[in-house]
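Each of the two complexes below includes chain A, the first together with chain B, the second together with chain C.
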Partner chain A sequence: MDITIKNEGEKTLVTLDGRLDTTNADQFQSDIQPLLDLQKPDIDIDCTNMTYTSSQGLRIFLSLQKSVLARGGKMVLHNMNPQVKEVFDITGFSNIIAIR
Partner chain B sequence: MKRTSFSRRLSIRVIVLVGIIFIVQLAVVAYTTNKLIAEETERSTQHMLHGTIGEIELPLGEVEIATSTVASLVTSMPDPATVATIIRRTVEIDSLICGGSVIYPTPDGIKATMSYEDSTGTVHSYPLTGGWTEGSWPQRCLSIISQCRSPFWAPPYMAEGKRSQRVTAFCFPVFRVVDGDSVLQSVVTAELPVDWMDEKCKDLRPYPNSLTTIACGDDIIGIDDSVLLLQIKAAVMQDTNMQKVVDDMKRGEDTMRRIGSGANAGYVVYGPLHNGWTLSVYCQYKDILTRASQLHIFLLILGAIVLLLLYFTCRYTIHRMSTPITQLSDAALRMAKGDLNTQLPEIKSSDEMKHLHDSFVYMQNSITEYIDELKTTTAANERMESELGVARNIQMGMLRTDFPSNLSALLVPAKEVGGDLYDFVRSDKYLYFTIGDVSGKGVPASLMMAITRAGLRFVAGVDQTMDRLMERVNVSVTDTNSNEMFVTLFMGRINLENLHMEYCNAGHNPIIVVPPAGDPYFLKSKPNLAIGLFEDFTYQAEELDLAAGTRLILYTDGVNEAERADKSLFGNDRLLEWARLHATRRSASDKEVVDSLYAAVQQFIQGNTQNDDITIMSITV
Partner chain C sequence: MHCEMILDEYRERQPIYNKIKDIVLDRLRSTLRDNNMVVTAIEGRVKTEHSLAGKLELKGSKYHTIDDITDIVGVRIITFFSDEVDKIAAMVERMFDIDWDNSVDKRKMLAIDRFGYMSLHYICRIPTSIYHDPEQPLLNELRFELQMRTALQHVWANMQHDTGYKSEVEIPMEYQRSLNRLAGILELADEQFSRIRKEINDYRRNVQSLVATGNFDEVPLNGDTFRSYCDLRPFQRLAEKIATINQAELYEDSPMPYYNILLRLGMKTIGDIERMRAECSDGAYQLALIQLAGTGLDIVAYSVALQNLCIVKILKLGYGTVGLTGMFSAIYGESAYNAQRAERIYQQALRSGLVLNDHHPETETSAS
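Up next is the complex of A and B:
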């Protein structure tokens, strides 16, 4: 899983590329640390190239979401591929995380 | 391979180095001393030569004076008898002169009177008359005088008379003037024995193979060792310098030349006597340098002995100094074999050896500590493994295996303990069943699984709709979840009398419904959130009427997300295809169906490590 974080004005653009599975979930957790330090987060995550997420991945998205909400910010996931979207749908995460 | 000891190798190197230095030094010393000795000897030989020349010339001069005195008397006293008496008297009183004569050339031939001293000291006089053969002494004497017309020293010859003595003679011619011409009147001679000159030559013999000679024209004095002469002559006469020596001698030069080569290399020192003779000394360098050579050989032997002593001393010292290395090496070997507390040698010095020793002690302590630590860690690991084993047994004990005839399930954790769960309860006419998956794996997931199961057991049999039951479970799980873990859970209840199923799916994979006729399909459900996240989440239940003979296949994502080495997933399509082929068979028992799916997953991952817990449940109504 490759992660790119860019700041564009008030927005933070994150691009994810690859699989998010058990083997790299911990790495992903530390890679997104900068996002947890934002004062008033406005995060757009581009999921075009994210091919898979495990339940641990979901958990990380969830904790990120909780952290963002706690700081009064927002976070949106974009362009999720159907397989990944299905996982978000099945687990009900689509209800609590903004996906467009 | 034979091992050469360190001390031996180092000693050999030291000895070779010292040996080379010693030999070079000895060679330089030998060369220099030989050169100096040779030069010094040449000079001293020249001094000796000059001394001997003086010793020889002194009596020669006395004889010359005596002879010239007699000759002057002959001029004033022409009477032969008187002259003969004077000569006899001279022979008697002069210790050097051993004979004398006066020779008159007359028209009738040569007349002469001879006096000589025999071995007893008695002087005999007699006339030398007639019978002169060509080449006899008086004749030769006269013939020389007639040519040079001046006094001369005759080359050595065998004395006349009853003597066996080699002599040389000073010949003094007396001339008188007749009609304006100077005519030879007589020749006065004084004989001198040659043997004393031989002695002088022998005295001037600095070395055993030295050769001292007096060259008197073509004759030579001082030669009695003819064998030696022959040997030396053979060696040096061919030398190119020899001709130069001869030329120098003819010119009466007082000098020195080196001649000969190899063993016969030597030098000739020579100087003229006032009478035209030449005294020469030939010396061989090998004689001169014998002592020096002996000294050099002695030094060489001494050096060899010193080197040998040095070798053994070196070897002993190095061996002694390097003994700790051997001991440390042995200690290392013993340590390698497991004797960590092996005794290390004591080092009293404070050099590199001490440093090595200290490093060794440090290593020994470190290894000991490390091993102790490893033992502790291993013990801890073993304990943990054993505890995990117990945990696994406990977890497996939570799973019911007393399946009724219409239900079967299988749970295979990826690690010792897992986060999947299944459960079923029969209550009156209802069959409650559930399958769930905790996010993550291992111990945290297994604890969460236990909590969830406890929550499930708590609500099982409670007469409420499935959505309310799910909410109760959610509350009990969320209460205890501070770690953002969540559980996807499918919970269903079938009224076995009318086959009406109520169910609630909290974020779990859709279950497969295999109707008695028609294709299997995924049971769509409303998008409920997985439990454990928000305790006030409102869940929605659904209902479905099942036809008799319908089979329900429940599974966790360990099945559809089973992964091959190439990262491809088992997938929903493959899962549905499997259901079409294997779950539709009426005759297959639920256990067979469960095993069949597990086998299909195993076949798919082709020996790849199972990376998630797998749970499968089959229910037939």
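Up next is the complex of A and C:
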């Protein structure tokens, strides 16, 4: 999976491309680690080209959201395709992670 | 001349007065926090030299020394409710040394046919048990004034101050009468707020006891009762069963987003949810089995149990895809995806026998 992180003003835009699973979850975790040190992070995650997420991916989103909220920031996942959204729906994570 | 001496002494003591104010504010804030008491505001000030000079000019002969002036340091606690003033007062009595001879309960000073300023004023000292610095004995010797009042009493006091009403002679009788009437309304409003809060608390306790004893049909469904019901973990067994499908971790989340769906489904009491749980648990598990088995997804949220119960209930009521779309839109907001998801679940339910007849959703009544 390709991960791009860009800063646009006070906002951080993360673009995910491909599958998020056990083979690249650790890489994803370490790539986003610097975002957890931001003061009041404002993170948009563009999931347009994300084709799948495993439970490992859900756990990373969960821990990222927890850290962001603890710092008074916000994180929203955008443009999720129906296959990825279904993973969030059937696990109940659509109610936990902010998705638009 | 003696007023000049008092002002000189005031200037000299100013750092001590500021320190007293800071210590008192700090201790009050931490004690309120420790006792889970929420107030509208805590504020403190040291009287300005200008204000003190004005006071001395007006009533100078009343004060022989600066120690006779007890409100140079003033702290005020403003509560939401009138009954909280007494609770705060009890807390203050435990914290500080109270000079009872100079403390005034202005709430009890008014004649029965009078309304107006009502506040509790304590003249206090900081006891050495709270703060002690052998280098600064004055911190424990100087007195400060602590006012306790409700937010509405505070409004009244400020209004009184702004209009010059306190001096009474400065404004015509008709305005005094209007202000008195208003004071009566504020007092009544304070009383009503306290009474309503007490009634709500009594109601909540009663409902919690009905929920705890399992008298679910007697408990009307509302946000409060649903929360109390959720505290009993009614969906735990189903959620655990769903989690076993993939030996998944059960992630704790709140079922509250489904409260509005339950109302839309016409549920009136907690007993209605219990009946849905009894009727739809097998279907809710079946649905989870269809969706999760073979996916390897080994984390599920606790609320999935209630999500699936609602889906099955909607299908059993014959609301079909329109009902499901309405449910998803109510929870996640309007989106074309909701209809796709509803259709997918509907087809899954048809194949697994959760829905026996192929309804035409366009002609069905929507749960939304």
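Things to note:
Definition applied: the second predicted complex is superposed on the first by the 100 of 100 C-alpha atoms of A that agree within 3 Å, B and C clash if a C-alpha of one lies under 4 Å from a C-alpha of the other, contacts with A are read in each partner's own complex, and residues count from 1 in each chain.
Note that contacts are C-beta pairs under 8 Å (C-beta built on N, C-alpha and C of every residue); 3 or more make two chains touch, one makes a residue touch a chain.
This is a predicted model, so every value here is computed, not measured.
When both complexes are superposed on chain A, chain B and chain C occupy overlapping space and clash. When the two structures are aligned on the shared chain, A:Gln27 is found in touch with neither chain B nor chain C.
In the superposition on chain A, contact of A:Ser54 is made with both chain B and chain C.
By the document's definition of touching, both partners, chain B and chain C, reach A:Thr91. Of the two partner chains placed by the overlay, only chain C lies in contact with A:Pro82; chain B stays clear of it.
Of the two partner chains, neither chain B nor chain C is touched by A:Asn7.
With both structures placed on the common chain, the touch criterion links A:Arg19 to chain B but leaves chain C unconnected.
In the overlay built on the shared chain, the residue A:Leu62 is in contact with chain B and with chain C. Note on the superposed arrangement: chain C collides with the chain B stretch 489-497, while the other options among 489-497, 579-587 or 597-605 stay free of clashes. For the contact definition in use here, the residues of chain A common to its chain B contact set and its chain C contact set are 54-55, 58-59, 62, 89-96. Remark: chain B residues 437, 439-441, 484-486, 488, 506-510, 527-530, 533-534, 557, 561, 567, 569, 611-612 touch chain A in the complex. Contact residues on chain A toward chain B in their complex (touch as defined above): 19, 21-22, 52, 54-56, 58-59, 62-63, 66, 89-96. Residues of chain A that touch chain C in their complex: 54-55, 58-59, 62, 82, 85-87, 89-96, 99. Residue ranges on chain C touching chain A, taken from their complex, read 248, 251, 253, 257, 288, 291-292, 295-304, 307, 331-332, 337, 340-341, 344.
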